[in-house]
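Lettered A, B, C and D in written order, each chain numbered from 1.
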Amino acid sequence: MSNEWKTSISSSGEDAVIRGEELENVMDMDFADAIFLILKGEKPKKAESKMFKTILSGAIDHGVGNPSTVSARTVQSGGNDMNTSVAAGIMALGDAHGGAIEEGMNILQSEKSAIEIVEEYLEEGKKIPGLGHKVYDETDPRTEKILDRAEELGLSGEYVEKMKAIQERFAEEKVRLVMNVDGAISGIMSDLGFEPELGKGFFIIARTPGLVAHTREEMDLPDFRREDGEYTGEE
Amino acid sequence: MSNEWKTSISSSGEDAVIRGEELENVMDMDFADAIFLILKGEKPKKAESKMFKTILSGAIDHGVGNPSTVSARTVQSGGNDMNTSVAAGIMALGDAHGGAIEEGMNILQSEKSAIEIVEEYLEEGKKIPGLGHKVYDETDPRTEKILDRAEELGLSGEYVEKMKAIQERFAEEKVRLVMNVDGAISGIMSDLGFEPELGKGFFIIARTPGLVAHTREEMDLPDFRREDGEYTGEE
Amino acid sequence: MSNEWKTSISSSGEDAVIRGEELENVMDMDFADAIFLILKGEKPKKAESKMFKTILSGAIDHGVGNPSTVSARTVQSGGNDMNTSVAAGIMALGDAHGGAIEEGMNILQSEKSAIEIVEEYLEEGKKIPGLGHKVYDETDPRTEKILDRAEELGLSGEYVEKMKAIQERFAEEKVRLVMNVDGAISGIMSDLGFEPELGKGFFIIARTPGLVAHTREEMDLPDFRREDGEYTGEE
Amino acid sequence: MSNEWKTSISSSGEDAVIRGEELENVMDMDFADAIFLILKGEKPKKAESKMFKTILSGAIDHGVGNPSTVSARTVQSGGNDMNTSVAAGIMALGDAHGGAIEEGMNILQSEKSAIEIVEEYLEEGKKIPGLGHKVYDETDPRTEKILDRAEELGLSGEYVEKMKAIQERFAEEKVRLVMNVDGAISGIMSDLGFEPELGKGFFIIARTPGLVAHTREEMDLPDFRREDGEYTGEE
């Protein structure tokens, strides 16, 4: 029977702590720093703190038409509260929606070399996480911003290098693709020492405020959103 | 047919903005400031920024035994991914779990006076949101911290006053109860100009990192958590 | 501490029972009868069984454009499994989506008379649950089918009468509206002795197979459904 | 842009159909038959109908301590409605909770022989879906009941045979394990012509009434279930 609930994350009550830090002290921390602490078990250094907030703030929202926003707003329109609606938005963040960061961190932190990774993806005909953009061919300005900041802060390390090596190798083998934001984040998060298992978690944390804002906006619209549907009959 | 998806919150693509602010500039903002922006439609002033991060960081997690943590970890143990598990945790944040902030903001921002509010709650035999604590009788140190900070920052206004007036009136009518953290947050969020409809949203945003951390921790434990259950037969 | 999990619903293991009935015997029951048993704590009589399956089968699905179907399919398109997608569909079934059955059962089983109910709804300018249809003015053929069947089976009782009385009274006070399927179901479920608290539950049970079918269909379509969104700027 | 919502499952409105069958006729069908229709696109034959209801009724609930029940009830205790609570229960039905049916259907319907399957699972040290039981060593009475019924009804075919062959081969290679209910269901559902992608769907449909009943029971208990938690500090 496993009805034992043990944790190394936090405690409640008078002596409440977060990862060993008293909650009262956590209240003095920047929210992004508190997030870093609870995920990593240690406070960020100054440079890490600056990098981390850039990544979180940059992913806070991205328009109204994507699956997570549509899910959250549609569920709200069925007559539901904030918590249920935001949860439906987060549920949409599956492998095809934000999953590239986790997959990117996985390949970067694997034993495989950039050459082996490109070979494997080409063989299987799969899209390499972190490469390619619908609009940009040469450079993606947000990727540049993230990579430049990492460079300035002295945080760009072996995983950002590996991501660039994957990009190079793919250019040699097939075509030059721009490194997208997911690629930059995968590299830097790995260089910051985070595990791939938290890749989706960053995205969820960053996007939740956007989902709250969309749900709030939807509350002022009529209930029961209806899409035009068509019955095509039995095939 | 309402298959029109319009929003004043954000756009995607090359010219992506958040509430009118270019996404590239948002990447330079503190994450808590970006949250303030997306929820309120304007950037926080310096004092507001300090206040807001205190509130978010202070609610980041609170031990392992509460319903949201139990839900998230139990769903993970059924063999589920990060997004589904965290969503289950957020779903647990219903009226009885973090709902006091929204209810508190509602009564503070209503037309009713402190005297009328206390009278109404006493008549209906309901618990007044923001008053009472399991442990503290005199003062709750975290409430004090929040209220002192609001005072220092010049942000304590009419709604914090109204919350104190409710506390006073209740003491006159029945018994002195400590103002708890929900009461302090309800007052200050109202003084910062936020609507009650966002009360639950703050709590969801603040607690999501905790749910990510708990889900990650649960991933390393055996699948299929089982509680001791007992069949009591038909009554 | 409430970590005691007691139930009168079922047990597991060798001697597994459902509401006191051995699971092996439940395996011989019609699924609709097993549902009746687990919700009500007793097996349906023959007439009740016939009535109950009509109601469940009639609500199994209703096109592709409503909020629950859109949510389930959108979440699947984000790269999610069956369980997460179906759950998102069920989450959409809030007060504005299937909620009329529960509200209808509530007013029928309240102490208030038909006259008082109509008066109250007219005063508050609210829509009476169970009355009105977008298409039908005179009669709704599915309502007729349900009511006729209840009549034949000798199951139409005081609550169906009260629903008709509400319809009559509303016609006297304002305008004749057709009784819709929600109205018929509210009346008959009440006459079958079910509580209002289960009103939404019937609908969830009946619609889940539809959500499974839609999710399966969506699995064969491209990932990441995107709606056309428009950024309207800050107001 | 994929904001086209086409379906071959159902339509709404006056001429509503389910898989080409008029909704008014579907209202005359047994609920289990309507489920068969919506999932498979055709009505069950008489024998198929009997088999199908046995499988659904047999999985309707299984005690209070498993992850799906705990999730549903915990979310309800946070102050949530029926739909949100039941959804949380369904979310828990991930790979480790009911996933053996889907995995079983997958291996049975794969090109691989029983010998190859056993070899592969033994090599990878994985548990073969459908084999083994915590309590029963010789025979599992519910498995027997399902298999006997399939035999009587003339529905036991190549996939049930393949499941038995896997059991035999495993006995030769390692040890005799009882075929459990998941194994029997995997075989018969495959013999009924269902795809593995629906394996989890059957289980969700069958278990939803149980989750509704548990959520209803929890509504009468105090809010905010709390488990005993322990903070173990930082490792």
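Please note the rule applied: a residue touches a chain if its C-beta (ideal position, glycine included) is under 8 Å from a C-beta of that chain, and two chains touch if they have at least 3 such contacts.
None of the values given here were measured: they were computed from a predicted structure.
Student: Common contacts of chain B and chain C?
Tutor: Chains touching both chain B and chain C: A, D.
Student: So which one's got more C-beta contacts, C-D or A-D?
Tutor: Looking at C-D and A-D side by side, C-D shows more C-beta contacts.
Student: Distance between chain B and chain D based on Cα centroids, please, to the nearest Å.
Tutor: It comes to 38 Å between the two C-alpha centres.
Student: What's the distance between the Cα centroids of chain C and chain D, rounded to whole Å?
Tutor: Roughly 23 Å, centre to centre.
Student: Report, in whole Å, the distance between the mean C-alpha point of chain A and the mean C-alpha point of chain D.
Tutor: Once rounded, the distance between the two centres reads 32 Å.
Student: For chain A, give me the residues that contact two or more of the other chains.
Tutor: Within chain A, residues 3, 5-8, 10-12, 63-66, 70, 80-81, 83-84, 87-88, 91-94, 225-231 contact more than one other chain.
Student: Provide the residue numbers of chain C that touch chain A in the complex, in ascending order.
Tutor: Residue positions touching the partner: 3, 63-71, 74-75, 77-81, 84, 87-88, 91-97, 99, 223-231.
Student: What part of chain B is in contact with chain A in the complex they form?
Tutor: 1-3, 5-14, 16, 18, 23-24, 26-35, 38-39, 53-54, 56-58, 60-66, 70, 73, 81-84, 86-88, 90-94, 135, 141-142, 145-146, 195, 197-198, 200-201, 204-206, 208-210, 212-217, 219, 221-222, 225-228
Student: If you look only at chain D, which of its residues touch chain A in the complex?
Tutor: The contact residues of chain D facing chain A are 3-8, 10-12, 17, 19-20, 41, 80, 83-84, 91, 227-235.
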